[in-house]
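In the two complexes below, chain A is the common chain; its partner is chain B in one and chain C in the other.
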Partner chain A sequence: MQSQFKDKKVIATLVLPGIIIMLIAIAAPIIISLGLSFVKWTGFGKMKPIGFDNYLRIAKDPIFWKSISNVFILIFVTVFFQNTIAFILAMYLSNIGKKLSNIFRTIYFIPATLSLVVVTKLWVNIFNPSYGLLNKILAQIGLESLQHAWLGNTSTALGSVIWIIIWQGFGWALLFYYSGIVTVPDELREAAKVDGANKFTLYTRIIIPYIMPVIQAIIIIDVTSSLKQMEMIYLSTAGGPGDTTQFLALYLYQRAFKYSEYGYGNAISVIFVILAFTLTILIRKTFAKRLESL
Partner chain B sequence: MSNDTNLIYKDNLKERRKKNISKTILMIVLVFIALLQLFPLVWAFSYSIKTSGDLFGPELLSFPKNPQWVNYKTAFVDGKILKYLSNTLSIIIPSVIFGTILPFSLAYATTRMEWKLKPLVWTVVIAGLTVPIHTTLLPNFIWFNKIGLLDSHLGLIICYIAFSMSFNSIIFSGLLSGIPKSMEESAFLEGAPYRVILPSIIAPMAVTGFSTVAIQTFLNHWNEFIMANTYLSTESKRTLPFSLILFDGQYSSNYAVQFACMVLVALPPLILYFAFSSKIMTGVTAGAVKG
Partner chain C sequence: MKKLLLFLCIMLSLTSAFAQGSSEKNADETIVLKMGDNVPDRKNGLGLVIETINTEFEQTYPNVTITTESYNDQPWQEKVRIYATANQLPDVFRYWSFSTLLTPLVEAGMIEELDYEVYSQYEFLPGALEGNMIDGKLYGIPTSSDLWVIYYNKSLFEKAGVEIPTSWDDIMESADAFNDMGIIPMVTDGKDGWPLCELFDNMAQRINGDFTYVAKAQEREMKYTDESFVKTADYIQELVKAGVFQENLTTSDYGDARNAFGQERAAMYMMGSWEMGLANDTNFSENFKENLDVMPFPVVEGGKGKATDTLGWYGGNIVISSNSKIKDVANNYVEKIASDFGQKCWDLQAAFPPVKVQPLETDTHVAKQLLSIAANATTMSGTPGLDRLDNVFKEDHQELMRQLCSLIIDSEEFTTKLDASAQRAYDER
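Presenting the complex of A and B:
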């Protein structure tokens, strides 16, 4: 090994700027959150140390638990529902010829490139009860009875919000599966065919195991992005009506910036970070076992 | 034809017909989903060239005889697009430049050089991928206020770079680990220092990585809303998404102009996507799977 590869000055110049910026904007706030989670504070005046009271309050806060349960509903829907559809479509798209599949993939990914603010505004308008597209379609096909104030009604708000999330996120899942499936070497497919595998066993025995790392990546993304879901809801229902569409990240934001409960907000932040890490590690561990056993 | 071959022939025909039917169904499904993705956008565009009164008609989709292109002019002026756009660019350009160079340097040092703290630093980088932005909003709001970074473009730039470090470092590290070490070794023999080797020998080998990372980072920042919304409180410092938010208040009944504004904000990323779609797609998948 040449000494140049160990030049400390060079290493410091290369590594420090990036790491310092990460420490300022990512590590420091976590530490600050931890510290401030033990006080009561409105942002002005004196902080009042209150021990673990904020955490005890979280444990008993029904809206906090509502927001967590909504996060898990969203995780469930994206992991099982969105992924299955995306996988099946990716499977078909990999079989219909390059040209056609390129066209479809390009179209399916368009919503994913749009900004959240645009997408949310768009769907708020589509769901609008007086001039929205959805109610107009229902009127045209004679289903006036199904017309709703989609985002304003407690029974449809959560479903509508989840629909928007999937409408935009679907393209990503499809893209990942597709790029996974097309990397499976042709020899593997051929060998399976020689062994008499039909389409179904080809997928369950060869292709799915082969793209396990891709599936793991998608599930991690599904889980973390469900946890982080906020802007869309902030701009559409603001958690309402009556907290039915409350999500963890939004609840944290409202506690902090709407109600100026800095101590409580920071305690939720701490729980949030812990939850994000635990879930990510859990998924990695689960998959590590599965990947080994193959 | 003998009976046997006739049977086989019939069987094949049946199978082929079955295949054709399932192919047609498949096509219908694919087209239906494509419509689901496209129709809302076309619908929004059609509204953007109507008058606000036209919106309440019963038809699903129609293009007016007299397209109101003036809506775009109104959106551009009343949405303060120019002001917000220049803010957005003055934040995004440094964020993309440093959000590409710093991860490249970090990835270089961690994949190709030898030092003690390497595993620790790399763990921090990977962990950064998991931290939700929202958990940093409140504490950063508090301490940026103390150190004068709140309500400044610099504060936002620092956050944008920080949150693109992990993902971009991972992509570069994947690329760099594939380059043979003899590249640098022969340059060392000729006495070239690192500040020459990195930009003139190594960086060009990772040039596809640079474009992928830069485009992806650009799109992320272009669409970023919540940090800008939280840290920037002065109206005149805010970024492009706020041109849409503006219409919530004072112009809330001018629907058609809102739609025009939506189209204006959505257009640049769309153009970028169509120009570079292959780069965006390969880069993103590669990085995410490795991470």
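Presenting the complex of A and C:
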């Protein structure tokens, strides 16, 4: 059996179906997208080759740049705020005993188990300016001045949709960090304590470096999910008011399927793929250097 | 290796067997007619009319089964585009905006031509079929006559101590009285944008007194930067600032707006005559239905337009996909729609049909009022502005209206950008 797995023909036979599926499912659509990004096309009928016009248009499209900046704001918030809070909470949950920890982890994970449509509709109703729970609570506690059309106002719309995204995604981050922290061997903690490490040193010198692969995985997930953020925005604000909550994935969808500008939509998707690849490679390289130095 | 090949052959045969099972004609010759539309509620109004017709059609043709697929306007519009790209349009489907949405499908050869001689025998109102013709060929039949009106709830006016308005200035002045009582003065679907475009066209006419200004701007005989359009945009922003509409206007969709009105949280609902079914909607209270009324789009004080000048058009076109394998059945079905849809619509008071109908003693008050608005119309606009140029202009117009109503851009920026989009669409013809 062992020798069969060393046979190159056997390896090729086993790997080939996977590679073919990958080529059909991933490489082919990217290549088709690249081809379509050089044409003007409504999705049906005749295509008109226009060279790099779609890319030149992207460079001057303020909504495209707004959607990119919103993606980076979301990445920043999820990576630095959501992860910090999730890590601190995971730290406490790993120290409060199994029973209590189970209860709290279940509670925090409930939003992640709910359907995205349900979560979005729930928050759209909570944020509703006329009958929404949030404005009602503010009125009850005498803070009428803070009442808002949370999703309809340009100053609060982006913050509100980011809140919904974080509310649903928080459970996953917590679960990852908790799982990472509890896998740190007791011997390592004991050894650190014997060497005189206090709690702060224990976490910064032992636990965080130990769970660095977990942090890397979470950050890659955060970045990619921020890039492909679409459904929640589509269901809540559709990118509005104006382009306040426009995100890259939704924008390319709207250009292709609402405006019937398939060529332009595909050009945006090519930039999307390049951005996703670049960010993922950057994160992996950054972490690889860090892991090597440990 | 031989075993592997044998396994693959078996799998392929099984797959093709299953694939054949899902085609239109089964072994027992049952024909599946696929239809799609933008009417997801199948128990009230238009949805109920379509379901009734489908049941009758299946009874007349026992070997035909109709499968329906329905979504709200915007998702259905996007679904049709995806189906068109994949060349998988349903046999028969309901679509709208002939010039912006259907014409590209016709030009791509995806819509089957209908026999004008056959369909002109049915009692369509003058111009109803002609709006579905390209180069003298008929491609669809309309299912509604659409009038842009304002529904209102009399009891909420009484509650707020407000008189029924005759002008937009009255509406603006009464906004505080409603808002102080926790009642939204007026709701509409701002998230999808198109109702705001109808508001713009209608308001422009109330100010300049001429529906043809929009057509002239699109034919480049005048510009959208004309003073009357700038005034219109300013006036709409004044309405928003006065609190006439729901606070989350541009993120509130069709369902939100309709429910806010039906659940008596809003005093007025700006929408088309296809919403006359509100008077029978089982989802809403008897109190709401008893107090439901409708008025023409009000005038603007000092404006040139009259309340009897009506923004109206024929819509909800039924078409046949040229890719359909069962065109005869599809044609029979569309003929059934042409012959029965109008009167059935009126009998159920579901929508304002594009055919001559007999008024009934049982007509709801709203239906009678709409008949009166149509009968008293001094001028009729025809196809709204957003549906006359190409799809990019349509989306630009909607987006610019959302930005105008969110107070993100002012009237000058709005009209300049709208004019640029009209110019681009005109140049690309």
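Criterion: the second predicted complex is superposed on the first by the 269 of 294 C-alpha atoms of A that agree within 3 Å, B and C clash if a C-alpha of one lies under 4 Å from a C-alpha of the other, contacts with A are read in each partner's own complex, and residues count from 1 in each chain.
In the analysis below, a residue touches a chain if its C-beta (ideal position, glycine included) is under 8 Å from a C-beta of that chain, and two chains touch if they have at least 3 such contacts.
Since the structure is predicted, the reported quantities are computational estimates derived from the model, not experimental observations.
*Asks:* Of chain B and chain C, which one touches more of chain A's residues?
*Replies:* Between chain B and chain C, the winner on chain A residue contacts is B.
*Asks:* Let me test your reading of the model: by the given contact rule, A:36 touches which partner, first (chain B), second (chain C), both or neither?
*Replies:* Once the two structures are laid over each other on A, A:36 reaches chain B alone.
*Asks:* Using the touch definition from the top, say if A:54 reaches chain B (first), chain C (second), both or neither.
*Replies:* neither
*Asks:* Of the partners chain B and chain C, which touch A:257 in the superposed model: first, second, both, neither?
*Replies:* Touch partners of A:257: chain B and chain C.
*Asks:* Touching A:131, do we find chain B (first), chain C (second), both, or neither?
*Replies:* both
*Asks:* State whether A:94 touches chain B only (first), chain C only (second), both chains, or neither.
*Replies:* A:94 contacts neither chain B nor chain C.
*Asks:* For A:276, using the defined touch cut-off, is the partner it touches chain B, chain C, both, or neither? Pick first, second, both or neither.
*Replies:* first
*Asks:* Looking at the overlay, does A:45 come into contact with chain B only (first), chain C only (second), both, or neither?
*Replies:* After superposing on A, A:45 lies in contact with chain C but is clear of chain B.
*Asks:* In the overlay, answer first, second, both or neither for which of chain B and chain C A:154 touches.
*Replies:* second
*Asks:* So which bits of chain A does chain B touch that chain C touches too?
*Replies:* Dual-contact residues (chain A): 43, 130-131, 257, 262.
*Asks:* Across the complex, what residues on chain A touch chain C?
*Replies:* Counting only chain A, the residues touching chain C are 42-45, 128-131, 149, 151-152, 154, 157, 236-238, 240-242, 244, 254, 257-262.
*Asks:* Please name which positions on chain C make contact with chain A in the complex.
*Replies:* Residues in contact with chain A: 77-78, 81-82, 84-85, 87, 104-105, 107-108, 110, 182, 184, 191, 246-252, 256, 260, 265, 391-392, 395, 402-403, 406, 408-409.
*Asks:* Touching chain B in the complex: which residues of chain A?
*Replies:* 1-2, 4-8, 10-11, 13-15, 17-19, 21-22, 24-30, 32-33, 36, 43, 89, 92-93, 96, 104, 106-111, 113-118, 121-123, 125-126, 130-131, 133, 136-137, 139-140, 167, 171, 175-176, 179-180, 213-214, 217, 221, 224, 227-228, 230-231, 234, 249, 252-253, 256-257, 262, 265-266, 269-270, 272-273, 276-277, 280
*Asks:* For chain B, which residues count as touching chain A in their complex?
*Replies:* These residues of chain B touch chain A: 26, 30, 33-34, 36-38, 40-41, 43-44, 47, 55-56, 58-60, 98, 102-103, 105-106, 108-110, 112-115, 121, 124-125, 127-128, 130-143, 158-159, 161-163, 165-166, 169, 184-185, 188, 194, 219, 222-223, 225-226, 230, 241, 244-245, 255, 258-259, 262, 265-266, 269-270, 272-274, 277, 281-282, 284-285, 288-289, 291.
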